[in-house]
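Have a look at the structure below before the remarks.
As written, the chain order gives the labels A, B, C and D, with residue 1 at the start of each chain.
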Amino acid sequence: MLAELKGLNEECGVFGIWGHPDAAQITYYGLHSLQHRGQEGAGMVLTNGETLTGIKGEGLVTEVFTADKMKDIYGKASIGHVRYATAGGGGYENVQPLLFRAQSGSLALAHNGNLVNAVQLRGQLEAQGSIFQTSSDTEVLAHLIKRGGFADLKERVKNALGMIKGAYAFLIMTESEMIVALDPLGLRPLSLGKIGDAYVVASETCALDITGAEFIRDIEPGELMIINDEGITSERFAHSSSRSMCTMEYVYFSRPDSNIDGINVHTARKNLGKRLAMEALIEADVVTGVPDSSISVAIGYAEASGIPYEMGLIKNRYVGRTFIQPSQSLREQGVKMKLSPVRGVVEGKRVVMVDDSIVRGTTSKRIVSMLKEAGALEVHVCISSPPIKNPCFYGIDTSSREELIAASHSVEELREMIGADSLTFLSIEGMVEGIGRPFEGETRGQCLACFNGKYPTEIYGETIENSQKC
Amino acid sequence: MLAELKGLNEECGVFGIWGHPDAAQITYYGLHSLQHRGQEGAGMVLTNGETLTGIKGEGLVTEVFTADKMKDIYGKASIGHVRYATAGGGGYENVQPLLFRAQSGSLALAHNGNLVNAVQLRGQLEAQGSIFQTSSDTEVLAHLIKRGGFADLKERVKNALGMIKGAYAFLIMTESEMIVALDPLGLRPLSLGKIGDAYVVASETCALDITGAEFIRDIEPGELMIINDEGITSERFAHSSSRSMCTMEYVYFSRPDSNIDGINVHTARKNLGKRLAMEALIEADVVTGVPDSSISVAIGYAEASGIPYEMGLIKNRYVGRTFIQPSQSLREQGVKMKLSPVRGVVEGKRVVMVDDSIVRGTTSKRIVSMLKEAGALEVHVCISSPPIKNPCFYGIDTSSREELIAASHSVEELREMIGADSLTFLSIEGMVEGIGRPFEGETRGQCLACFNGKYPTEIYGETIENSQKC
Amino acid sequence: MLAELKGLNEECGVFGIWGHPDAAQITYYGLHSLQHRGQEGAGMVLTNGETLTGIKGEGLVTEVFTADKMKDIYGKASIGHVRYATAGGGGYENVQPLLFRAQSGSLALAHNGNLVNAVQLRGQLEAQGSIFQTSSDTEVLAHLIKRGGFADLKERVKNALGMIKGAYAFLIMTESEMIVALDPLGLRPLSLGKIGDAYVVASETCALDITGAEFIRDIEPGELMIINDEGITSERFAHSSSRSMCTMEYVYFSRPDSNIDGINVHTARKNLGKRLAMEALIEADVVTGVPDSSISVAIGYAEASGIPYEMGLIKNRYVGRTFIQPSQSLREQGVKMKLSPVRGVVEGKRVVMVDDSIVRGTTSKRIVSMLKEAGALEVHVCISSPPIKNPCFYGIDTSSREELIAASHSVEELREMIGADSLTFLSIEGMVEGIGRPFEGETRGQCLACFNGKYPTEIYGETIENSQKC
Amino acid sequence: MLAELKGLNEECGVFGIWGHPDAAQITYYGLHSLQHRGQEGAGMVLTNGETLTGIKGEGLVTEVFTADKMKDIYGKASIGHVRYATAGGGGYENVQPLLFRAQSGSLALAHNGNLVNAVQLRGQLEAQGSIFQTSSDTEVLAHLIKRGGFADLKERVKNALGMIKGAYAFLIMTESEMIVALDPLGLRPLSLGKIGDAYVVASETCALDITGAEFIRDIEPGELMIINDEGITSERFAHSSSRSMCTMEYVYFSRPDSNIDGINVHTARKNLGKRLAMEALIEADVVTGVPDSSISVAIGYAEASGIPYEMGLIKNRYVGRTFIQPSQSLREQGVKMKLSPVRGVVEGKRVVMVDDSIVRGTTSKRIVSMLKEAGALEVHVCISSPPIKNPCFYGIDTSSREELIAASHSVEELREMIGADSLTFLSIEGMVEGIGRPFEGETRGQCLACFNGKYPTEIYGETIENSQKC
């Protein structure tokens, strides 16, 4: 599905490198390959061993890191971030990495995830006199680390991590070291690679491939890693019973060329498509997928069903903020925005339209309607995940249960609302096995909370109301 | 194939509308959907019935037509242009539409194609005292029209068209009418549509679909159409024995959702893939295509061969000029630019890599090498067109025979140069029939000059050396 | 006076250099020092001996010539231009130098002045088949030169100059030489200087000083100079009885540090102030001048009258187009734009307010009113030139007689309209002698047409209606 | 003197308004008129009674507050800031107002001045767990206010003010009120005005005039003022024996149309010139001043001495960062940057050159040399202040005693260094009386620390090394 079209949004990607003379440029390419994880802001902070310098700004990687700015920064190590901004999330200040300067040294932080107790922690910190310039979780962690007093940095970070709950992949950098931390359930992906003697850490393995880095291993749940000029040291800061990788990373967030937990995302999606074909058993003339994420699914569906795959929908590519939105009258006249149907492919055909999920239902409705206007005889909607019935507290922007159409409507009601001739959701079992995990009726390896409501961590009442995720 | 990666470049797209209060905005969306035909410059000129006003500039549609500028222009009719700049093609001045103002009225021109006798005509005009501010063919036509003396505009345009030779689709606009002309062989596509009472003309039908226009018919070879507030009148300015549509429009230029001469481009490409599978008969584990243009081909190949389609190559999307190029050392280190292999898909596999053409061979070599580094056991390159052995004089930027690697090397030599385990080109017959034309051993419907050297028009010696195509 | 505040506008400045490795940078500084002569557009064209390359754009010198663009151009010689755009003068296309490329070589032109027979010439050229992309006089000259046929360039330029009438200072450049021409009456200033072996030509001597050039001499009326690698050659292309330098160059156009015809502009203005004091004989407490041009005048007035000079008005500096204009309500509330009164200086005082001219009278009215609101007891307006009663056809933008308030009103009527306690205009005699010329009741050395209607050239009816001056 | 030319730099201006529907626009014009106090950054924060929103950025007021951004903010009250950045002062983060968001409400702060104990306070705060994102004094005050616990805001602000020492004019804003505070010695200017029912506070009265506000009174030393929808309440938070207004505000910082402590700056400067003429008693032909600040002084000098004032130096106006700096070779060739001599005025003359101060001496040397190259026979430098021998700790960027040339050299040594024929400094007595204060041999009304070393507050060792002033 087109991430921008619905209320289901990935939040942020991180990239770090230690020990390379071209750290800034490599971070640039790494963040560029993670651009799909956040288009609202980007930043990087470098250390040359003495001081930290940084660039950040609102916009795409290519907009923020201009040649002009890149020539002013240098260093042997860097952490970077791309950010998805939730509504009202306040501009430049919230763009990461955050950088704190103290007389005793500086601290930069970049974060992907969401803390479920950020509101509580922030309230306590404010009561103790802390002041906040951003609305991000990341500043909460910075305060907790700083308040750790005179212990060494690693101890203070461990203490601070012990106080936060939720999903997080953190990169922290001082003048002389980089600290990497993943939450005890490993809800967010984070991988380690190597370019020559330099270490690279990234939200997705595509960023390793694109920068010419060799994959070493995934960061483990509850792992705290320290990278400096001496090399790597690692320990567990928390006991972790089992991984709970966010399932949506496979279903639609990650790039198809990334491997998450050793599973290639394209392959996983194709398998989801095969399972979906087996569960749906629809008679049709063509299969088509909603670009980009559902193309792989549709190809799998076509292979398993024998119904030919066709390019029935095409994405109109453009770059976000400078694109002029059509006026209401032009929209009514039929000016297409992000997606167009291919009349030559769907006209007079029974179409299977594959998509990854339904959040509010409005996008599915619009696509079904476009396909029918382009002459499709029937439109069968097949979704490569089960109905999303519960909000996410771990970094995905499905703001509240009220917006989740599947939380309050039956599949048949949904089908009618979107105007499809049939509507099929993949079963939880089909999804988990399609991804390549054994399914044993419960959370094992994957977080399935948005489908089955079983949250792998404690949840706090105010969690989603007031917090700026990333 | 990635258009930017090789010496085979589409040149320009045109869009026009007459009789709509939102002419400027509709032209914006139309040109945006034609962006793949030219990324170097864009422009539009509007008429409000009294005067012509315009916007043009170097860059993408979204960069040139900012909200700020769009609010200053208005009118009921418009012609627009997106431009591909050949090397040295001189910046802003050459961006179209060109606009000429005379005391007797103004004239705007937008052009897709290439005149083969532009150099000769320009020499004659200069000898007669004409001065040129651009290096484009379009200015030659403007001079010819102007020198037609006091005849009415239509007659002067007809006279001028009688003097030019080559491939062209012209949109010409004055304060009170739009003139549309297509060369006698119809080498370039041009279609007519309608939005309510307003007429729309565009290089590809995707621009009709995206703006909500209904397709009426293609402009015919040698047709001269006049559109004004009275409606449409049309006549033939030249006798045309048969159409010679540029074959590369199907093979890689056009958007897959466009129909050219009634044939859907995606469908044509899929059929090219099926023919290719039948001709190649390769044993392999996966089929993959070079995005974007060869995805459809690869899917057709997979369907016909039974070898599963996989996303073995992924495009790294970014917007041209602001992207910082990696230094040579980073490139050697393996920083990927426009394309990355998907290791999880190709590792340990025998791969069929489908692409649309080979011009210089350097790109194919790079891709084969990337796939092997990512672990492919074998890489079989299958090309959905025959070897390109002759330069194009009709608007495609294959500058000279020396650059066409297939002009001087056998297929086996080429295979060795690009490092593939096998190399298959589609036969001319397979290509023409795959597109959906009857093949009768000669140019019929399609221009095949770049493959077989049979140019459908006279050719002049200096044609390609000095001329700025579009 | 503030040039932007009234309908009296200078039009354009030119700068050229031949034979210096830093030609581009020197042209940059030269044009920057001429910025007061035109803020709407700037351009330069360079030759490296082989080809011409250029930069031009709308905006200030510092906006058009960015570091980014400056690094792409180079050459040993250059001509440049800053432009004042009259209303409707059509954007980028009209920015100079204009550059024409022919198979036989290129031609770049930059122009300061106005041709009085441009409309006639253009009509004739269009009738002969010429087409125009700009609305500027300069393109007319280019056509005339081109149509000179196969004679050598100098002869063709001389022929072309023989056909044009009006005020002009032209810089023309080909790959191998620069041609400098000044109209037979020398209505516009143009000076020659030298930096080492390199020759410099500029509209004002301030551009020589600022670039470290040594002043050699003024270009003479009717002079045609050719500068190339061999040095300078010069001849007269027209007989010139006497110079008719534009008087407004002294009164308000030129920079105070320039010398025109050997007379320093600041000194001339100060003398105008002294004459004005002697003619006005007003009793007052303070003298103040409207910045920037009337500061020198006011100081002269103060010296001659014994009334102390005070800074009663201050200019609010900003750069044009990005400044947000106050809404009407804020303007009524008294938000000051370009000029503020200094209450501490004028409160309770009888003020002599010195300005250079009155065109429409609206600005004078506004300033008088501001001073009175700031507490001035009396405001006596003293103008350092006589009433402007006739339009200028030589490059100053006083569009028509209807706009010239002094053309239809007596001094007493004007005084009442602007709300002043008294209004004094300097006499023609006082002005001419103040500048430092002998006054003999007629045009001698100076053009006085806007004051006395005696135009030094023939005038054509359509002259000002349709022509784009510079 | 040209502020940019030497190490003596003003630091920041503030503007606030409460109770006007056009608060944002008025703040824009107010800050624009204070642009001379800081060109490196600008910002404003607005309240609509519910929430705070802001714009800030590096650059000039017209660059930061674009029309595009201005349309997104609104509110009935605003505080704004223009900033001068000291070297290394770290970009965007330090641009003010700083904005802190807490669950209990937000706090915005804008500051002009310098805290002498900021380093100590920051060290204490960091030891208590505070973290800092900026290097500005202002963040120290924010922490102090926040740590005041649960007392009401006014009490917490008073407590915080009780802990800081130095020079400061603070504007603080919450959703529902604005707090204004001036240090107990009143080292920085701050005035109160009114537009209808709305209250305005600004660093200089020129900002009141420009926005159409009526001057009410100056904020008093040690005054704490609260402005909200109920009106104004005021109290003293500190006992203040006497004012110690920064003398340099008169000598060169402030705009000539501002009144400081009831004294018009232009008038004060003119009087400084008269005193200087009486003390110097030089025989010369012309007097000239270094623009902009010394023009008034030179006019006073001319009046008192009878030597005519001439414009012997002219400022080349441009806008900072986009101006391309001449290469070293061009500089040596004599390309002028910010200032040019007027040859026609100084050639063959004995010149009195008036300037406001000497910090490092390099600028004076350059100007003397330029005047002599332009033909001046003698150059007599007259400075309208005494030698600066001591660093400023109150917000003026004279970083250290080592840079103050007058701290270690006699007047005769200085004269020789700058190449002048004579060098005269105004006496302290002359300066203080010239400004219009009674002089009684000691600090009375004015801070004279940079001249006589008598600092009106305690001074801390680390004060200037580590602190970011404003």
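Criterion: a contact is a pair of C-beta atoms (placed from the backbone, for glycine too) under 8 Å apart; a residue touches a chain by one contact, two chains touch by 3 or more.
Per UniProt, the chains are A, B, C, D = Amidophosphoribosyltransferase.
Keep in mind the model is a prediction, meaning the values are calculated, not measured.
Taken together, chain A and chain B share no touching chain.
Among the remaining chains, the Cα-based centre furthest from that of chain C is the centre of A. If you average the Cα atoms of chain A and of chain D, the two centres end up 48 Å apart.
Rounded to whole angstrom units, the spacing between the C-alpha centres of chain B and chain D is 60. Contacting chain pairs in the structure are A-B, A-D, B-C, C-D. Contact residues on chain A toward chain D in their complex (touch as defined above): 92-93, 98-104, 107, 119, 122-123, 126, 128-135, 142-143, 146-147, 149, 466.
Within the complex, the chain B residues that touch chain A are 22, 25-26, 28-29, 32-33, 35, 62-63, 65-67, 70, 195-196, 206, 209-212, 255-257, 259, 264, 266-267, 270, 295-296, 299, 303, 308-311, 314, 316-319, 322-324, 326-327, 329-330, 333-336, 340-345.
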